[in-house]
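Both complexes shown next keep chain A, but they swap its partner, so chain B is in the first and chain C is in the second.
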Partner chain A sequence: MSGTVITLGPQQLALEEPMYFSVEVDGEIVVGLDVLAGHVHRGMEHLVMKRNFYQNITLLERLCSLCSNSHPSTFCTAVEELAGIRIPARAEYLRAIADEIKRISSHLFNCAIIAHIIGQGTLFKRVMEVREIMQDTKESIYGNRMDLAANCIGGVRYDLTPESAVYLGKQMERIKGPLEELYRIYATDHAIRTRTEGLGVLPNRDAINYAVVGPVARASGIDYDVRRKSPYWAYDRLRFQVAVEQAGDVRARAMVRLREAREAVSLIEQCLVDLPPGPLCSDTLPEIPAGETIAKSEAPRGELIYYLNTDGTDMPVRLKWRVPSYMNWDALQVMLKGQRVADIPLIVNSIDPCISCTDR
Partner chain B sequence: MIDFKEKVSETLSLRTGAEVTIEWRINIKGVMTGWCRLREAALILPAAEAVAGLEGRLSMITAYLSDSAKQKGVREIAFHFDLDGTTLTLGIELPLEGARIPSLTPLFRNADWHEREFMELYDIQVIGHPAPRRLFLDRSIDPAAFERLIPYSTFSNGANSKALWEKVMARSGNNRKELQ
Partner chain C sequence: METRPVINPIPPVRLYRINAGSCNGCDVELAATAAVASFDVERLGCCYSESPAEADIVLITGPLTLRVKDKVLRLHGEVPKPKVTVAVGVCPISGGVFRDSYAVAGPADDYLPVDVNVPGCPPHPRAILAGIAKAAALWRELSGCGQTLPEPAVPGSYDEDAAAPLGLRGKMRFNAAACVGCRMCEHVCAGGAIRIDELGPGLRFTLWHNSCVFCGLCSHYCPTKALTVTDQWQLSHFQEDKFSLTEQGFIPFVACTGCGHIMLPATPELLRVSYRKTNPEIERLKTLCPECRQKQSLGGIRR
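Our next item is the complex of A and B:
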């Protein structure tokens, strides 16, 4: 059977978006992998060069759903960096709150999918139920469950009234217990450990070699988080621990996400305590000059980097971004090698891939 | 901080055999970025070796073609490296026609996808890439897609438009004209 190649698509892999894999197998063991991307390629890097800066905020928010806030906020940061715009202190905290709310939702979604794949239907429902706390929170504060429309150049376009700040604080109190419960279940449940421990291992040296980022990197012992390494918005004033695990397996990646969800609750609470009064956005905006700049943020899946090149007009000469999933896909070659075909969906989903982001 | 800047400049100069000037910018959060122009394309390989020696990580590669560069008869490409939180961008000018650049895959494995992607979007040839095949765009689409006018439905693989419907009908044999 050596040398047999099978093609796996989104349905076999429990993916919500189209990505295909050409998998070389020896019996039921994976010996080689090729990722076949591009099925939701929308030419977005071309489209952004045909739109002005304001239009691009709207367009970039629609790049994907789970990390939809990271794209417009990082793009706005790039424009602000280039034009020398300092966003108000209140906006710095409000941007961090929006990103952390999205992080909790995103991480819980992935943990739910992992439970679903390993046949833990009740746990899947429980994680999604807990996630609903965050979905309700987004709907109440921003008016939407996925796209928050929170960002504008020079600041934010939403505010927390005293009532909504109290509501957000109560929602954080509400989710703490369930998050602890989920962490305990994933850490100790025998059935989950049996299915996830030692599976899809990405050793530290391979994680460095493949240049993976985010929870995938941190689960393989790489202590790197953009919020710590290159602080932005309010993160230079917030206290948090970077979640790092050493095992590099499916379980370690899930544990990193659950720890980060707990840290995100703490970050939101700190923001609510420290939230300064003041404007939400700069009163006047300067012309966006010709130049080039870099902006980065820690999206739920890891380091997101934007490069902006301008010529003094209101449209970018070039706007390029690299999403965290971009390198994480390739590292599946290491994670899947020697594993059983039946475990491919679990290992693929353990990198929490974002296909819309990857293809653009 | 000064030591770090000097170390990066010295390592790059030593490896490339040319005086390398880096413009360092520090933002209000104290985050530093470095910007450097290499005078010729061939220098990217020794420069990348220098970055690898500094335990840098390839973060992204941006190929682009601005109107001003086009008027000068050149195109540009920028290599963005991460040095433990500091982003160093090495820029290069390439000729408009017949642009060639060495592959960074022997040094940075993740250059693979970046190089395959910009090869399908821009008219740049990567020398020494282990598998220079398409990454996102279908093989039926001509290369250098960002340099030509292409119907949007074709560009997005006709995934959600009349073009897709026509493809389906043609394959199912209901559209004899397209089959011919």
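Our next item is the complex of A and C:
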């Protein structure tokens, strides 16, 4: 073993965020790696204790912008649990809609990056253009292309008017064809297959040992999705398939995401059909008693867990979370071992890592 | 290699991106300005560069965390002069929602010269383009290749008058006449963008657009809707205007008609929310302070 160590940064890894890797190589082959984290550490655990529950809704939406709806909605669920609030049925559907819209956007962004790394510039732009359908949707319904500001304690603070529901339905119709087309390209295109098949394999047993979550787990044959295992909001009334693949490679992870994007469209359509009338929010300014609780949801990158501890004041005593990306980083050890150095960016991006929630 | 006919003899202005610890919102939107045709920076005569040494304009995102500070300063230093620096998103401008954390070193202009600010959280790609257009014009002026700015391919794609996209959450508007001084907005604002302080004969309301993240929470919880979300999202500005980009209002105290004690006026909006319709009795009582009101009501019962 030669044991040369090289450092790779965001530029070499095609990451949007600053994350550094110290990689031990033997010639062209990876033999070990260390993740050098912390660059996006903004002291979130400290900040949430200095902000009240309301401020935290907005702050947590900025924990990570790609999963930005999952954070405030899961946080609000935890607060509601403590306050004994049941959110109105309409809000349960509206929260699911917001989460699924974000899921499609997030998954498409990752697919675009994968195309970019493979050197498929045209496909990269095509995926980004398809994603714009979702960006327009978010902008028109929520008022921002990334941060929806959809949640408040006790429910949601946006509504779908009859017109905006029709618009959302039309946007879903619009994106179906392109999503099918992208699925077909990623599944069958020869150039993509040769670059992604058998690459960065995470065998099922390792996936279990490393406790990976989200599309990374499901691509390694683990049938785990919080929406199915412990349904929240409207998910117990919605029909959907949990996308599971067996190969555990870069390709399988991309396929899981594209299948989930298609499922998300179906989920949104079901919500639009079933959307019950009624209020959006149960209690505007509830008392939050002392206590502790856990809330979880299936964010685009996997299981997101919130732990909240309160003392009866309007600020959390402690707020901790286990973010999905955090679980998945370690499994890169398995995926990268024995792979070529040139394939590192592709494999790293195949876990769709989010640095801002890892470092918080 | 892809070859293109040279349409424009002017060399493009080169942009270099530095992520100084962002939540990735601004970075994903910057990716859109590289990948999505309708937001393409090329229409401004700009292009992205992978190397700081070959760049003219620096785009900074994120609040400048302590951990990245030195790396950011080093990269920024590698960009040759005359460089123009753009702070994208409220994070580098004011710290945004991450302000006053032990882990945040920013705002960026404490450490490097910032020329253009693009408020928003994240800003719309078109707002980012407007900021880049300002920066490019400034760079051309500084480097002596001015006057030759190419016309954007699609006019109006970034200019200040472009129609607001449907329903976009832009800057907040404050209506002092409707404010009841309950300070709920100040309480819920994660960015600390709102301050209400007592100033002689009334309350002074200030909202800094460079700290605001356009979440609309203040408007949501405002009982009288004195705060409303507008669709004005085009807020990019030069550094000298950084602190004057505010929304202000003054709520004068009134004297109680009973005892002369000064108090906040009961606004028509408050009365509408509380009683839906007013009557002469409510109109009379509203000019009294709580204490006088209580006395009057008690007296009323006794009579």
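Just so we're on the same page, the second predicted complex is superposed on the first by the 355 of 360 C-alpha atoms of A that agree within 3 Å, B and C clash if a C-alpha of one lies under 4 Å from a C-alpha of the other, contacts with A are read in each partner's own complex, and residues count from 1 in each chain.
Throughout what follows, a residue touches a chain if its C-beta (ideal position, glycine included) is under 8 Å from a C-beta of that chain, and two chains touch if they have at least 3 such contacts.
Note that the coordinates shown come from a computational prediction; the quantities given were computed from them, not determined experimentally.
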### Task
Determine, for the superposed model, which of the two partners chain B and chain C contacts more residues of chain A.
C
### Query
In the superposed arrangement, which partner chain does A:Ala187 touch: chain B (first), chain C (second), both, or neither?
neither
### Task
Answer with first, second, both or neither: which of chain B and chain C does A:Leu66 touch in the superposed model?
second
### Message
On the A-aligned overlay, A:Asn52 touches which partner chain: chain B = first, chain C = second, or both, or neither?
### Response
second
#### Entry: First, second, both or neither for A:Glu17, with chain B first and chain C second
second
### Query
Which holds for A:Val40: it touches chain B only (first), chain C only (second), both, or neither?
both
### Message
Just checking: does A:Met315 make contact with chain B only, chain C only, both, or neither of them? Give me first, second, both or neither.
### Response
neither
### Shared chain A surface residues [contacts with chain B and with chain C]
38-43, 46
### chain A residues within the chain C interface of the complex
10-11, 16-18, 38-44, 46-47, 50-52, 54-59, 61-66, 68, 109, 112, 124-125, 128-129, 132, 135-136, 139-147, 149, 152, 157, 284, 354-356
### Residues of chain C touching chain A in the complex
19, 21-25, 27-29, 31-32, 35-38, 50, 62-63, 65-68, 71, 96-98, 100-104, 121-122, 124-125, 165-169, 187-191, 213-217, 220-221, 229
### Message
With touch defined as at the start, can you tell me which chain A residues reach chain B in the complex?
### Response
37-43, 45-46, 81, 86, 208-211, 226, 229-232, 236, 292-294, 296, 303, 305, 307, 309, 311, 317-318, 320-322, 326-327, 329-330, 359
### Query
Which bits of chain B are touching chain A when the two form their complex?
27-31, 33, 35, 57-60, 62, 64, 66-68, 78, 80, 82, 84-87, 89, 108-110, 112-114, 121, 134-138, 145-146, 152, 155-157, 159
